[in-house]
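The same chain A turns up in both complexes below, where it pairs with chain B and then with chain C.
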Partner chain A sequence: MNELVHGILSPQFFYSILRVTTPILFAALAALLSDVAGSTNIGIEGMMLMSAFWGVMVSAWTGSAWIGLLAGVTSSVLLSLALAYFYLNLKTDLVLAGIAFNIFSSGATVFLLYLFTGDKGSSSSLKSYVLPKIDIPLIKDIPVVGDILSGHHVLTYIAFISVFVVQYFIYKTPLGLRLRAVGENPDAAQSVGISVKKIRYISMLLSGLMAGFGGAFLSMGYVSWFARDMTNGRGFIGLAAQALGGHSAFGSMWGSLLFGLAEAASYTLQAIRIPSEFTNMLPFIFTIIALAIYARSKLLQIKKIKEEEKKA
Partner chain B sequence: MRNKMVLFEVVRTALTIAIALLLGYLILIFATDDPNTAFKWFIYGPISRLRRFVELLNRATPLIFTGLAVSIVFQAEIFNIGAEGQLFFGAVAATFAALYFPQIPFLHVIIVLIFAMAAGGLWAAVPAYMKAKWNASELVSSLMMNYVAFYLGLYIINYHMRDVNAGFLVSYKFPRTAWLPRLLRRYNLYPGIFIALGFAILVWFFLYRTKYGYELRMVGKNKEFARFSGIKVENVIIYSQIISGMVAGLAGAVEIMGLYKRFVWQMTPGYGFDGIIVALLARNNPLAVIPAAFLVAYMRTGALIMGRMTGIAPEIVMMLQAIIILLITAEAFLSFWKKRIIEKAAMEQEEKK
Partner chain C sequence: MKKLLVVLLAVFVVMSFAQLKVALLINGTLGDKSFFDSAARGIKMAEKDLGIKATIIEMGYDQSAWRPTLEDIADQDYDVIIVGTWQMQEILEDVAPMYPEKKFIIFDTTVDYSKGDLDNVYSILYKQNEGSFLAGALAAMITTSGMEKTNPQPIIGFLGGMDIPVINDFLVGYIEGAKYINPNIKVIISYAGAFNDPAKGKELVLAQYRQGADISFNVAGETGIGLLEAAKEMDKWAIGVDSDQALIVEEKDPDMAWHIVTSMMKNVDLSIYRALKLTIEGKCPYGKAEALGIAEKGIGLADNKYYEKIVPKKFRDKIKEIEKLILEGKIKVDTAFGMPREKLDELRNSVRP
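Up next is the complex of A and B:
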């Protein structure tokens, strides 16, 4: 038991929360950026996977982690634009199209991995590169806080900075306003001259961008290789985290941190011989409970408003 | 006009498959020096030997079950995509029943199947209840339930029913009374396919010939209208998902009882998501699920045989399946033709007057 308390209260534990939260946070922001404009991007999982794959491949070919990142993010954005095309131009059901894109990415990455490396499980035979970790001056010298906040992967910082950028973008810029207008009421937005289609394309593109960063983090930071289906549901967890936080980037961040906490705790619990199957299950059970609580409170809210309307 | 619409859907489906195959061929040109040989194995492989055809039959079996399961919820316009978890947990429950229940011939098989159905139904009941009671998104909750089923299932198998002498992470072998027996001496054909066909007819009867099935379809067509006409929509939301879960639960159990005679999965087999493709191809019609499942199984078997013969990764077939989903659900694909059929029918009616 002592071991457990020690493990959870250590700076390393908090450090690891931020680390495992990173891909979930990117996914949640991706979900948010599509959701404010009224489209549910189920394809985040596949976009992340694609980005993780191309990040590793291109970094191995060019010898540069940054070009790898660029390639990964580009692949994810292209995928999101393709999804938007099917959704907006060909009128495909967005959820089913998203599922199709996930299946496609899962198959395509394994197929290409085998074609390029002769290996079907992972890219460990390739020499690929990872993005650097960053020490923050001053903060790194503060005891405990420095251990927690400094020395993270560059994309971890980008993720948390993105929270502020996305929040500002959605609520303080003209384009953000249009995104929200389209999400709230597409017909009304159309009637005042906003092109719903164009705005939804933009929102999908931004969503793909965030998913791309999340995927690149997995294969070029979290670990240094690509493995088949390595996203392992993080895209979906991101969707759930965003659902918890509503239409706020900060809400998405808190949601993601909750899942990060559950995941980090599962590693610590593993150290004291609680079966890994059991600890891996925790975040998912957590999501279901959180979703139930969230849905219930929303329902009560609606009921309350209706009752007040009756009184008035 | 109705006949023409059916024809339209058939042509559309055929064209979709043709485009997917063409794309598959293009990918092969890209991936290998000898695309013709590879493509030949892909198309001709499943019918080249009786053994391979039996392989195809066995592969179609779980897809029929999951295709039916997905069709039921899709007919009610419910996006429960938890068939994957339901079948996995169904298989775990089947393993439990197979190992620990008294070995009475015939009856044992029935008990194992009932356990699998109960577990699948139970698993589907959670998102169903959350949807009906609190309007929680069944899409997210059913997805999460898939992961819970996977990890909880692996925990139960690996820690409580694992056969340590097997050398792999598998359960103990089932007693003979819990097997679905081999039907042919030389080929690994088991009765799963017939059970699946039976269930396709059962589900069809349920959806189109019973009051409950009628209510389910009404809710799918127009929820508010169904509510006004006195249907208890919440009940429909719950029972449609539970019945779907029960059918999905069988998919896993039947396969392990027939093919492996023990629990063997360390990864989810993916039949749940395949079920979505099957249901889409079949336009959620339980009888059309049968040829749709055969088609998907055919592609899968063909890709595997191609992989064995030429060393190309069979995952290529996943890309083709994605294309099929996209083209079938894309309303704009061939919509001009559909419009013409409707317009023509309207004109004819106008003339009759």
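Up next is the complex of A and C:
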């Protein structure tokens, strides 16, 4: 029990929550940006994987982590535009196309890895670069808080800053309004002269951008190599985190943090011999409970509104 | 005319026997820097030295394709078909009896011979428990040695891919080896539940190091890459697995290589070469499972420059001494195969921090 308290209450534990949350948060923001325009991006997982791959490859070739990041994000954005083309121009089913893109990325990254390095498992033979960690001046000197908030990977900070940017973008800018209009009612949006196609292209592009950051974080921060299928479901967990939070970037952030907390807890708990079957289950138990609470509060809300309508 | 046909047939049969046709089916892809690459290396060695004719087929990670591929290959004119890992076990148990004239070799697991009709299957097991005993002993010596990167607490770590018999066989040997050196040793045990999630592996091992472990044993495939990353980041020690992981990473990241004290290697290449050699000599025990240990060079700790520079001589001598004791049968290492769950839990709980 002592170890439990020691493990959970240490600043490193809270630090690790933020780190574990980062890729999920990017995925959740990617899901949010596509979802507000009514075209949920199922291909986030594949886009993250692609970005993780190109980030490593290009950083190894150029010797610069930043160019690697640029390449990773670009590859993800290109993939998202391709998905948008399939969906908007060729009228394929969005979910099916998204799944196809995921499978494609999984295969293509291994194929390209083999082509470039002769390996099929991981990029262990390549000397690739990672993005830096950042110490925040002032905050880093505060005892506990500094240990938790400072010294994170640069993309971790970008993730949390993005939450505010995305929230502002969706609710305070004209383009964000159009995005929401297209998502709520595309026909009505069309009738007032908004090009639904163009707006959805933009939302998909932004979604790919976020997924790209998430993927690059995995291979250029979390670890310093690319490994086959290394996203391992984080794109989908991001979709779930966004679903928890509804159409709000802050909601997505809380959803992601919930998953991050559950995951980080599952790591720490395992170290003190709580059965791994149980700890591996934790993040998903959290999801079900959170969804149930969310659904319940929604139901109550609807009931209340109906009762008020009756009164009126 | 008839006679001529018989002679021709006889010549043909003799000729085809002269050159053994071997197929290696890989249920995954090459490039894992570990098992499959090692198996392919064994085949190449046999091709060169034993004059066999070999084909290597990568079946990919889609499990539904494995069974039909194995049947396809068995339908063709190969004499010996080699597969590996526990994931192929059930498939082989179904397929092998349908081709009694073919020979099958499976490595790193065994088929269940009680199911019958498996006289044409030779199973190669590795006494990973023996090798892990050495790894555990080494870890237990290092953790309280006062060497750099260590703390005084007698706590060591273990990262498993999944809670399955093969992985637990490593664990049993590791715990017993550690207890052999220090009866009060504590082992932090984590299972990632996946073999391809390095980020999760890293996170788990960071938690281990945070809780006082200063060395951890990587038994988790590509998930274990995360362990190596964690060791480098927290400046702690790591023990690699399956192949010599220090040599794999040294080119890319010399700093990381200096955190890997040694690796517990399974010599899949040598074992496959040995099996094919025995097959040609007619001495390979088909219909049986064989566990290769230190004696058959099936397993062993990697003896490279890192091991020599990092590990003090007295520890290396101790490891040699233990190796000898195992060889002579004076140390008996338990195995997780066939071990009742209660006993395994008891062992795990006995080293719980």
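What we mean here is this: the second predicted complex is superposed on the first by the 285 of 312 C-alpha atoms of A that agree within 3 Å, B and C clash if a C-alpha of one lies under 4 Å from a C-alpha of the other, contacts with A are read in each partner's own complex, and residues count from 1 in each chain.
FYI, contacts are C-beta pairs under 8 Å (C-beta built on N, C-alpha and C of every residue); 3 or more make two chains touch, one makes a residue touch a chain.
Treat the numbers as computed from the prediction; the structure is a model and nothing was measured.
**Q** With both complexes superposed on chain A, which partner does A:16 reach: first (chain B), second (chain C), both or neither?
**A** second
**Q** Check the residue A:99 against both partner chains and state whether it touches chain B (first), chain C (second), both, or neither.
**A** So A:99 only meets chain B here.
**Q** Which partner does A:295 reach: the first (chain B), the second (chain C), both, or neither?
**A** first
**Q** Regarding the shared-chain residue A:240, is it in contact with chain B (first), chain C (second), both, or neither?
**A** A:240: touches chain B, not chain C.
**Q** After the superposition on A, what does A:250 contact: first (chain B), second (chain C), both or neither?
**A** neither
**Q** Pick one for A:223: touches chain B only (first), chain C only (second), both, or neither.
**A** Only chain C is touched by A:223; chain B is not.
**Q** Which partner chains sit in contact with A:168 here, chain B, chain C, both or neither? Use first/second/both/neither.
**A** A:168 contacts neither chain B nor chain C.
**Q** Check whether A:268 is in contact with chain B, with chain C, with both or with neither, and answer first, second, both or neither.
**A** second
**Q** Under the contact definition given at the top, report the residues of chain A touching chain B in one complex and chain C in the other.
**A** The overlap between the chain B and chain C interfaces on chain A comprises residues 110, 114, 120, 277, 280.
**Q** Along chain A, where are the residues that touch chain B in the complex?
**A** It comes out as residues 40, 42, 86, 89-93, 95-97, 99-101, 103-104, 106-108, 110-111, 114-115, 120, 233, 236, 239-240, 243, 275, 277-278, 280-281, 284-285, 287-288, 291-292, 294-296, 298-299.
**Q** What part of chain C is in contact with chain A in the complex they form?
**A** 29-34, 163, 188-191, 193-194, 196-200, 202-204, 206-208, 210-211, 222, 225-226, 229, 248-249, 251-253, 348-349, 352-353
**Q** Across the complex, what residues on chain A touch chain C?
**A** Within the complex, chain A touches chain C at residues 3, 6-7, 10, 12-13, 16, 19-20, 23, 110, 113-114, 118-122, 124-128, 218, 222-225, 227-230, 232, 263-264, 267-268, 270-273, 276-277, 280.
**Q** Where on chain B does chain A make contact in their complex?
**A** It comes out as residues 27, 31, 79, 81, 126, 130, 134-137, 139-141, 143-145, 147-148, 151-152, 154-155, 158-159, 273, 276, 280, 313, 315-319, 321-323, 325-326, 329-333, 335.
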